[in-house]
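Have a look at these structures, which come just after this line.
Next come two complexes built around chain A: one with chain B, the other with chain C.
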Partner chain A sequence: MFLVLSPFIVLAVGALLLMLAEAFTGSERSLSVVGSIVLFATSACGLAVWLLGTDNVDLSVLAPWIILDRFSLFFNALLPFGAALVCLLSGGYLEEHRLQRGEFYQLIFFTTLGTMFLSAAGDGLTLLLGLETMSIGAYALTAFRRTSTRSVEGGLKYFLLGSFSAALLLFGLALLYGVTGHTDLAGLRDGLAHGGALSDPRVIFALLLVLSGLAFKVSAFPFHMWAPDAYEGAPTPATSLMASTVKAGGFAMAIRVLVTAFGDPASTSWASGWPPVVAWLAVLTITIGNLIAGRQDSVKRMLAYSSVVHAGYMLVGLAAFGAAKSAAIASILFYLVTYTVSTIGALGVLILAGSHGKEAVSYEDLAGIGKRHPALGLAFSFFLLSLAGIPPTAGFFGKWYLVKAILEGGMPLLGVITVLNSVLSAYYYLRVLVFMYMKEPAPGAPKAVPMRSGEVNAALVIAAVCVALLGLRPGATIDASEEAAKTLVQ
Partner chain B sequence: MMITSDSYVFVAAILFIIGGIGFLARRNVLVQLMSIEIMLNAVNLTLVAFNRSRPENHSGQIFAFFLIAAEAAEVAVGLAIVLSLFRLRRSVRSDEADSLRN
Partner chain C sequence: MSTEASRTSPSPSPGQIAGGGLPRGIVPLGIFAAILLGLVGLMFAPANEAGSIQSAKHSLDVGSNALGALLPILLAAVIGYTAPKNLERGSRITIAIIAALIAVFVSRMWGGPTEEHPAETPHLLSWLIGLPMAGGFFLLFLPRQSPTLLRTYTMVVMLGTLALSLPLLSVTMGREFHFNHDVAWIPQFGIHYHVAIDGLSVWLVILTTFIVPIAAFASYGSVQNRFKEWCFALLFLEAAMIGAFVSLDLFLFYVFWELMLIPMYVMIGVWGGSNRIYAAIKFFLYTMVGSLLMLAAILYMGSLYGRASGGTFSFDYFELQRLLIPQHVQAYLFFAFLLSFIIKVPMFPFHTWLPDAHTEAPTAGSIILAAVMLKLGTYGYLRFNVGLFPESSHWMAANLAGVAVLGGILYGALCAWKQDDIKRLVAYSSVAHLGYVMLGIFSGTASGLQGAVLQMVNHGISTGLLFLLVGVVYDRRHTRAVNAFGGIAKVMPVYTAFFIIATIASIGVPGTNGFVGEFMVISGTMVSKALGHFNGVQAMGAALGVILGALYMLSMVQKVFFGPLDKEENKRLTDINSRELIAAVPLTIMIFVIGFFPKLFLDPIAGATSRIQGDMESRVLANPPNVNAKFGGYYDGPVRLQARKAEATPLLATPPAADAPAAAAQANVEGK
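Showing the complex of A and B:
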């Protein structure tokens, strides 16, 4: 059984040992490389457990608190992988911007551990613990640059709205406990199905509270206000962690709660269940996110809104769950993989494009950088094209597969809205390319000077290889996400 | 008048609403923090009250204990953030924290 739990154990023990090592040696220099090795090892453990299978292992000790099925193993491989890339990015960024303090890496480790628990949580109690471990780390990471007003304000907004949303979610769970007498998700499902699920007004009220709590965590409209501020104010590696691992953890929680506790046919039907609510949230998130993203002057803030929009796309997939069942969940899981590597890559290039005092923030900062630094321009273009969903990148297959699941679920209108918005979003991604290649910086205007860092380069190469591989040969990952989705839905 | 478990849940619901309104209406970060605490305490009260009417196990009460611990950890980080904001701006009003705009 310890073998099956190895991803959690490797990460927790590794994080504690690194904390000790940092305290006793007082050196932060190699923390990012060692930290990313620990996180890659965690991801590899998740992958190994996936390949070995958990069929012969008695997991009844963990039930119902921790569920180690293919769904959580999928996330145990994905979440630390994203965090490992972020760890490498932090190595270069913190040194360049003189923020080099060891806590940053510990916060990354424990935030990641929280997201992994969240993806495996089968009970309200473990859900609470995973959620708090994740959120507390993320709040501290956002406000990490203590001397910057923007960083602290971003952290404050994230903290206030995050705790408010956690209170909503928990009150919803407490009400559901009152109705069914269960805090575990499987027990909730049985208790709710017994009395005809959503016929009880108390259950509907509780579900609305839970839904708004979940929408906050995945930054869906109208609960997305914290996201752009927190993403913009945070140090860029923290932004990339929030946009990838933390967001994926939020989705893991949302999917498991909705599919396990509210997965009965009546609750998932279009006529009487939650899918229309999620669909409205999703459509508004995508459309409004796109409109605001197009108006931004700051590339970092544009990427923050783009992360809101991508959350919207995945919510469309979730709305199709009632009809498309496991295909819908599989498409979200695959989308999360493609989105994680693309967004870490894009934010990573943004880190690389700036140096101390000469950060790349606005579109103007990037003017002409593609001609002065061809490799950097090429990398940024590649990741942005993937985010826009242009073949043959990973992002294209993510969208393709998502739209396919939506259409198979018999929702052509939602599919059309997704595709149209995806075309619309190309505007602000391509605008970066226009600035990089077709504009020159105004004389005397501040321009970004790229930094040099082997760690950042390594992270970008890994992310680029993943984006290219997922674009050329998505087969194995798609199979894995289908398998993970099937164990959850059955 | 008999005091039943439902009375406690009723009180908890009122507390939750008071906390929610306090969070949305007030602009002093410390008051907003307290409002969140009131909301979470309402959750605790709900859990314990429902557990009273379902005495076959203690999952509601155990949940409440874990929630208290998690709340404490969250407030520790929250107060640290408020403190660093106060150092920078000499103010704890959330509507004055407006350097991030689109």
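Showing the complex of A and C:
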């Protein structure tokens, strides 16, 4: 059983040991590399457990608090992988911007641990524990640049709204407990299936609260307001952590809660009515996110809105759950993988494009950079094209699989809205290319000077290889996401 | 026509020659000659081998081959001697070699494919895609500081691709597909890497491999900044375009289709004119709207296939062709594909991106855009819309033909007439010319379809040449306004000769390529049943379009080239230089080759078009229309799969029964 729990154990023990090591040696230089090794090892443990399987292991001790099925193992491999890349990015970024402090890495570790618990949580209690572990780390990371007002502002906003949303979620779960007498998700499902729960207004209200809380965490419209400020204010590695691992954790939670507790279409008439609500949320999230993203002057803020938009795409997949069942969930899982590597890559290039005092933030900063630094421009184009969903990149397959699930779920209109929104999003991704390749910096304007960092380069190379591989040979990952989805949707 | 050019050229005066461009061009051209001559040798080799089996005919074969080899050399000598004397020796030799090679090509093609056992290497198409793509990636490791190396390297890769593409003609293109290569790519979704070629795509592939080196060569003088990226974009674009023409898996097709966009977007946006960014984004977004809807339709068809077949997925062209989709669903799928393709063609009312893109694109970008990329729209319609939705394309044919005539041929011509920018005029003339192609496809008759396919090639050649020549004058004057010129025939006589040849080809004067295609399309429209009662009117409209074509092209030529030479700047214009001449000559020769020997080109096309026509007619006969129903009312049952036709599965290189084709080939040789 300890073997099955190894991802959690490796990460927790590794984090504590690193804290000690940092305290005793007082050196922060090698923390990022060692930290990323710990996270890669965690991811490898998750993968190993996946390959070995959990069939012969007695997990009844953990039930119902922690569920170690294929679904959570999938996230146990994915979440630390994203965090490991972020860790490498942080090494270069913090050094360059004189922010090098050991606690940054600890915060990454504990945030990741929180997301892993979140993906495995089978009970309202563990769910909230995981959520708070994750969120508190993320709040602190956002406000990490203490001297910058934007960073602190972003952190405060994120903290206030985040705690509010956690409270909503908690309230919703409490109401459900009041109706059914259960806090574990499986028990909730059974409780909702029987008795008078069908027509109980408290259930509807609770569902509304739970949905709002979840929408906050995945930054869906109309609860996305915090995201751009937090993403823009945070140090860029923290942004990439929020856009990848934290978002994936949020989706893991949303999928598990909705599918496990409310996913039985035979049980409740009202409570299984969430897919249409999610569909509306998704459509509004995508469209409004795209429209606002197109009007941004800052690339970082554009990427923040783009992260909102991508959350919307995944919500479309979630909305297709009603008809497409496990295919819909599998498409979200695969999308999360492709989105994680693409967005970390894009934000990583943004980190690489700036140096101390000359950070690349706005489009203007990037003017002509494709000419001065061809490799950097090429890498940025590659990741952005993946985000825009141009073949043959990872992002294209993510979108392909998602639209396929939607269409198979019998929602052609939703599919058409999704693909047409890709055109809108292509506009602002291409705008970066326009500035990088087709414009020159205005005379006298400060131009971004790329930094040099082996760690950032390593992270980008890994991300680029993943994007290319997922674009050309996505087979194994698709198999894995399908298997993970099937265990969840019985 | 080189002789014609020499007649019109004035006595050489050294100051008039642009001169400097040559030494840079000589290296790639030497390699060009070497590769193509080597290829000619290769083409001869198997014939001799086969001849040696039958010793009686041996000497005859060798004799005719020797004559066949001698004639082009003679021709080359004559052309090299009569070429304009003000050109340097190197470029005259090059032009002679190009002429000789094309003569060899015509003589080799004349008797049809002569190889007895067409050795279809299944990987040939993959090599065709892979060579420019791998070449492009390798280019990234070459030093930016040495443009000569980059130039030579790019040209070698492109000419190598051209040489590789010529063996495609060595097999008899019947009704079926050749060079089939099918491997599973992503088995989870039933996605295959499936490429094959038939008479429809073979000329388009060769057009691509033929036009791209010419465009690249033409750009060598005018593109100065960021040359390495330019070469990379060209190679990448070539690979993607070839890939789109040969892929038979819809997913693979979509991948290449989108992949094509990025290099062209960058070409317009980086090396374009003053308003390039607007044009580039407009081009990209227009195309993307259509292609994403097509993506949704492809996915939906895949899931319909999965439903009909009980769980297995496929995006294979032949598999999806078996799918019988109820008309009310098919109509939507048809429109999604249609939108994507008519944006690309472009057809009214989605043509507005084209003039902007052409006006802002660099010359080579315009050539490739007009000559090849627009063909992907017409090719896609014929291959996918007609092939996958025969009922819907039959149902919509008459209406769409009306749009093609009114919105394409006539409106395009009228717009072209009113343009005062030469390049914009040629761009609008493309809208008109592609109207003919679409009309031929909609007519659904043998003559119309063959004419349409041939017209795709024709338009590629003649409009490619026109854009090339507009680029020549733009490089000198940095304006393309018609009224900035006047009387420049006096200072640029050779250039004028070439421009007039391109013009008459574009108008469709008999003896040039344009005539054959337009004539076949119009006669096919006249007898078309699919177009209903209005076929005669539509044929008349198309014929009127030819007259309008003469009107706008000739009035432009008159204003630009003739009349008094009254502008001071124009008096100093230098005539076409050797680099530009070398780029223009092969296109000019091909205009007449197609004009005089259309049979060479129509023979491979005929089989494929008769298959397409037959498939469509049999489907429409099986599910006859009902005019009262909302969507034409063809098939309206559940989605189901038809049985596989023996013909529909591409037969991979079954060596034909040894006797029959060999005897036929022998008869051909004797007949000569």
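Rule of thumb we're sticking to: the second predicted complex is superposed on the first by the 480 of 490 C-alpha atoms of A that agree within 3 Å, B and C clash if a C-alpha of one lies under 4 Å from a C-alpha of the other, contacts with A are read in each partner's own complex, and residues count from 1 in each chain.
The rule is short, and it goes like this: contacts are C-beta pairs under 8 Å (C-beta built on N, C-alpha and C of every residue); 3 or more make two chains touch, one makes a residue touch a chain.
These numbers come from a predicted model, not from an experiment.
S.K.: Look at A:A143 in the shared chain and tell me whether it touches chain B only, chain C only, both, or neither; answer first, second, both or neither.
M.R.: first
S.K.: Based on the superposed arrangement, let me know which partner A:I390 touches: chain B (first), chain C (second), both, or neither?
M.R.: A:I390: touches chain C, not chain B.
S.K.: Comparing chain B against chain C, which has contacts with more of the residues in chain A?
M.R.: Counting residues of chain A touched by each partner, the higher count goes to B.
S.K.: Give one of first, second, both or neither to describe whether A:K404 is in contact with chain B, with chain C, with both, or with none.
M.R.: After superposition on chain A, A:K404 lies in contact with chain C alone.
S.K.: So, does A:P474 touch the first partner chain B, the second partner chain C, both, or neither?
M.R.: Touch partner of A:P474: chain C, not chain B.
S.K.: Need the overlap of the two footprints on chain A, from chain B and from chain C, as residue ranges.
M.R.: In the superposed arrangement, which is not itself an observed complex, chain A uses no residue for both chain B and chain C.
S.K.: Which residues of chain B touch chain A once you look at their complex with the stated criterion?
M.R.: Going by the criterion above, the answer is residues 9, 16, 19, 23, 29, 32-33, 36, 39-40, 42-43, 46-47, 49-50, 54, 56, 59-60, 62-63, 66-67, 70, 73-74, 77-78, 80-82, 84-85, 87-89, 94, 97-100, 102.
S.K.: Help me check something: in the complex, which residues belonging to chain A touch chain B?
M.R.: Residue positions touching the partner: 124-125, 128-129, 132, 135-136, 139-140, 143, 146-147, 149-150, 152-157, 159-160, 163-164, 166-167, 170-171, 174-175, 177-178, 181-183, 228-229, 232-233, 292, 295-296, 301.
S.K.: Which of the residues in chain C end up touching chain A in this complex?
M.R.: Within the complex, chain C touches chain A at residues 186-189, 226, 229, 254-255, 258-259, 261-262, 265-266, 269-270, 276-277, 280-281, 284-285, 288-289, 292-293, 295-296, 299-300, 302-303, 306, 332.
S.K.: Given the complex with chain C, which residues does chain A contribute to the contact?
M.R.: 371, 374, 385, 390-392, 396, 400-401, 403-404, 407-408, 412, 415-416, 419-420, 422-423, 426-427, 430, 433-434, 437-439, 473-475, 478-479, 482
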